[in-house]
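As written, the chains take the letters A, B and C, and residue 1 is the first residue of each chain.
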Amino acid sequence: MSAIVKLVKDSLDVTTHGTRPYHIWMAFLTFVMLVGMYCYSIQVSEGLQVTGMSDGVSWGLYISNFTFLVGVAAAAVMLVLPTYVLKDMDFAQAVLIGEGLAVAALLMCLAFVIADMGGPARLWHMIPGLGILNFPSSMLAWDMIVLNGYLFINISIPFYILISRYQGKKPNPKIYIPGVIISVFWAVGIHMVTAFLYQGLPSRPFWNNALLGPRFLASAFAAGPALIILVLAIIRRWTKFPITEQTIKKISMIVTVAAQINLIMLFSELFKEFYAPTHHSESAVYLFFGLKGKAALVPWIWTAISMNITATVILTYHKWRNNLTLLYIACGLLFAGIWVEKGFGLIVPGFIPGPYGQITEYLPTQIEVGVTIGIWAMGAFIFTILARVGIKIELGEMKYKK
Amino acid sequence: MENEENKKPVAGREKKDGYHQVFNLEMDRRSALKRFAGGLFSATAAVTTACSVTASDEKKEKSNMDWDEYFKGNYKEMTKDERLATVDRLEKMYTERTGKNVNISEKGEVENTLFGYAFNVSKCQGYMDCVTACVTENNQDRDSEMQYIRIHEIEDGKGFQFNEADDNYYHEVPNEGHFYMGTQCFHCEDAPCTKVCPVEATWQEEDGIVVIDYDWCIGCRYCMAACPYDGRRFNWTQPHVPEEEVNTDQHYLGNRLRKKGVMEKCTFCIQRSREGQNPACVEACPTGARTFGNLLDPNSELRYILENKKVFRLKEDLGTEPKFWYYTD
Amino acid sequence: MVILQELKLRLMKTKLILFAFILGVIACQHDDHHANSVSNQIKEGEKHYDGVSVSSEDLTEGIKTHEVEIGERKFHIRERESQIKSFPCSGCHTSPVNQIQTEGEQKAHWDIKLDHASEDVMNCMTCHTDDNMDILHSGTGKEIKFNDSYKLCGQCHSPQYKDWQGGAHGKQVKSWAPPRVSNTCTSCHNPHKPGFESRWPSRYNTQKVEERK
């Protein structure tokens, strides 16, 4: 038990001391978080009308980011699976980073959900026992369970491994392997459940198709590891943590395959919507071409798809993929492209046109953007701290001294 | 150095929030602030005032009521006494706020009723008297001009193509070459909204009315995404009804005053229909285009319409089983 | 290695059980779907229907009605004679109707212009009796009281009449609950000018316009 206390003390020590760039980074993140909190306080006092959402488009930037980040969180498993189950040790170092990213992404997801709620003070109504949880009927109830469960797994397993290494002990596989295996399946679970949130609504034909779940998985396994590659690049640059090129190249293989599958699924969607358009295709028409003069999302989606295609092409050609600079560019493009395509490029068109064909466009307000970047900063902040502590322990710089 | 006396009680590995206790206290504060700002402040204030020795009795009673209201359960699961207690509290809180009285009923369903609705498309002239009556009767927010009912003006020959309809027209009606259809919550028997609510804040009562417990709703708006008929409305801000226009005959599940961040919708005027009265829209329509009735009564006008007129419902293929039929002369 | 394989096997089993459970949940939901159809609900509920505990009587108190029996149906309708300001007309007027009809002789009702069907089909005498202004008459000369004026309208407007009898035309008075109290034709339609006037809608939603910009 005292090991945990000492770990806390050491963590606090390690995260509050560092180089100048580190301090500048953390200060910047803190500032952005404060901006976010200020914007959120305005939202709490005046209600959600300070956002761009309306009866026509009732989910906007917050839920878009939530959807995207669940995918990023699920993707951490892409490193866990090879490392522990397939015993490919090239991934070993990246695993803790991936798990840290998953935790940060999950906390961002929870933050976005709470930011989007009309009554966050009544959140306890969802806790079974205290309140009522509409399980198994409501997919949101499922989502709450699986997300929190995944958070628990992704905290407890790496925590166990870290605290063992912190004490110089070897973590016992009998304890962490079952958790690891569960987390692999659970990761697929969280993203399918999040997809089912939208997939199960016949009132929104843009989402109500069988491909949404698999598409979510494909784009998650493209965007998540792409972010991990970028983060690993930063870690290589700024810390002494050894990440081999081999690790990055292996992860890039996963990103490539996932990005290719994502494109195939996109083409399947486009075919279904535009080969023989029905009244149900109106949302896709709005997204790609505009509807009745309303075309706010058209430049966004075409940019996103071009970025995705460019990135996939770069990744496919192995000479380019193995060029680290090009790889990082491709990962950045892919991450941004999928953020648009799966974020508000999916959520907002689902509401347009409305149930009786009315078109209400959506534009996020400054407050909404403020809260969003505040939460992203919070995620970066959490991740930096987790990564820093994890790396220090792995490097042996943080040791439990009795 | 280790300090045995200052050891934190560690439940790190068992509790889900072990991470919070161990890794980052700073994050804890930030997330607590973000997440519980509103509720925690008011709850703390309530506790402090309630336990204070110096606060007046009035203030203590008020904070006790606030506390009880915050921690009460879902209306669906309350006993009769709990329901009476909560409407009593709400009435008192209103009087305290405004000095006026309201009557909030908790009347349950009338036995042997299953409410349904019929709309005569041939008769609607697009007057929107129903919309006005509904807004007044149900204390809807005037600032955002919330309206449960939509009247769609559709061109003759277009068929029921709602995407070509205009639901916000302002010219002399009936407009030549057009016809009118009204939509609102259809109180579906297999409602998608009740299926998706994560906290069961919305459900269908025995008499068929789909209701919302405004104090239980957490404002996630999943039901709004799930409704295929644009039946539900959300309070994006604190709703405001001018004092003199407040309808003081209220029902807990119906037209009592709502707060920001909760859903609301047509309740078939539950405060009226459970007393045998027609909903406000039915009463207001000058052409008799709207009929309300009990589906279980074989002699009701509604059953006559279903059995003798050519009725249809919207989006029948979705399987939602709405209890709102359209027919023509 | 053996431990790992055992764990994998156990996990497979759990996965299968979970899969079966989910299938069961979905399947159960599917059954419920058909039970929920309105026609099934009506069939079930009708079996033990024996009236409701609310009545229209409280709401229609003070409204003068009288009971009519049309075919197999018995229901109440609004009374008319008590609503006409100075009924019976013969209390003051003694001249026959056809005399009062001519220009110059008309003193009251001078402003009643008949805007109902065409001149070929209708004039005052179509409904009003020339030697008795307290009573109306049918096409065959049968007397019809003002209270039963629906019988007159029903002569030409038989689809509406039929619909009104059942409740598909017109409006009930204040309540959906039995006993049924219905409006009559003249409750909504002026018999001399029965059409509904064109007018402006009662409101315009400016917020919706903002939202849709």
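In this section, contacts are C-beta pairs under 8 Å (C-beta built on N, C-alpha and C of every residue); 3 or more make two chains touch, one makes a residue touch a chain.
Owing to the predicted nature of the structure, the values given are computational and were not obtained by experimental measurement.
Student: For the pairs B-C and A-B, output the one whose chains share more C-beta pairs in contact.
Tutor: Answer to which pair has more contacts is A-B.
Student: What is the chain whose Cα centroid lies farthest from the Cα centroid of subunit C?
Tutor: Checked the centroid distances; the maximum from subunit C is A.
Student: So, comparing each chain's Cα centre against the centre of all protein Cα atoms, which one is closest?
Tutor: Answer by centroid distance: B.
Student: Centroid from C-alpha atoms only, then distance subunit A to subunit C, rounded to Å. What do you get?
Tutor: About 56 Å, centre to centre.
Student: Approximately how many whole Å separate the CA-defined centres of subunit B and subunit C?
Tutor: Going by mean C-alpha positions, subunit B sits 27 Å from subunit C.
Student: Using mean CA coordinates as chain centres, what's the subunit A-subunit B distance in Å?
Tutor: Computed value for the inter-centroid distance: 33 Å.
Student: For subunit C, which residues are shared contacts with two or more other chains?
Tutor: In subunit C, residues 212 touch at least two other chains, as defined above.
Student: Considering subunit A alone, which of its residues make contact with at least two other chains?
Tutor: In subunit A, residues 54-55, 137, 358 touch at least two other chains, as defined above.
Student: I need the residues of subunit B touching at least two other chains; which ones are they?
Tutor: In subunit B, the residues touching two or more other chains are 144, 167, 319.
Student: Spell out the residues on subunit C that touch subunit B in their complex, using ranges where they run on.
Tutor: Checking each residue of subunit C against subunit B gives 32-33, 36-38, 41-42, 45-46, 48-56, 58-59, 159-160, 163, 166-172, 174-178, 180, 183, 188, 196, 198-209, 212.
Student: For the complex, give me every residue of subunit B touching subunit A.
Tutor: Per the stated touch rule, the residues are 2, 7-8, 10, 12-13, 16, 18-19, 22-25, 27, 30-31, 33-40, 42, 70, 73-74, 77, 144, 150, 152, 161-165, 167, 183, 192, 195-201, 215-222, 224-230, 233-238, 260-262, 318-319.
Student: Report the residues of subunit A in contact with subunit B in the complex, numbered from low to high.
Tutor: The contact residues of subunit A facing subunit B are 1-2, 4-8, 11-12, 15, 33, 37, 40-41, 44-49, 51, 53-55, 58-59, 103, 107, 111, 113-123, 125-126, 131-134, 137-141, 144, 148, 151-152, 155-156, 159-160, 197, 200-204, 279, 282, 350-351, 353-358, 378, 381-382, 385-386, 389, 402.
Student: Under the stated contact criterion, what part of subunit A meets subunit C in this complex?
Tutor: 54-56, 136-137, 174, 177-178, 181-182, 185, 358-361
Student: Touching residues of subunit B toward subunit C in the complex: what are they?
Tutor: Where subunit B meets subunit C, its residues are 110-114, 116, 118, 120, 125-129, 131-132, 144-145, 147, 151, 167-174, 189-190, 208, 273-278, 282-283, 285-288, 291-302, 304-305, 308-309, 319, 321, 323, 327, 329.
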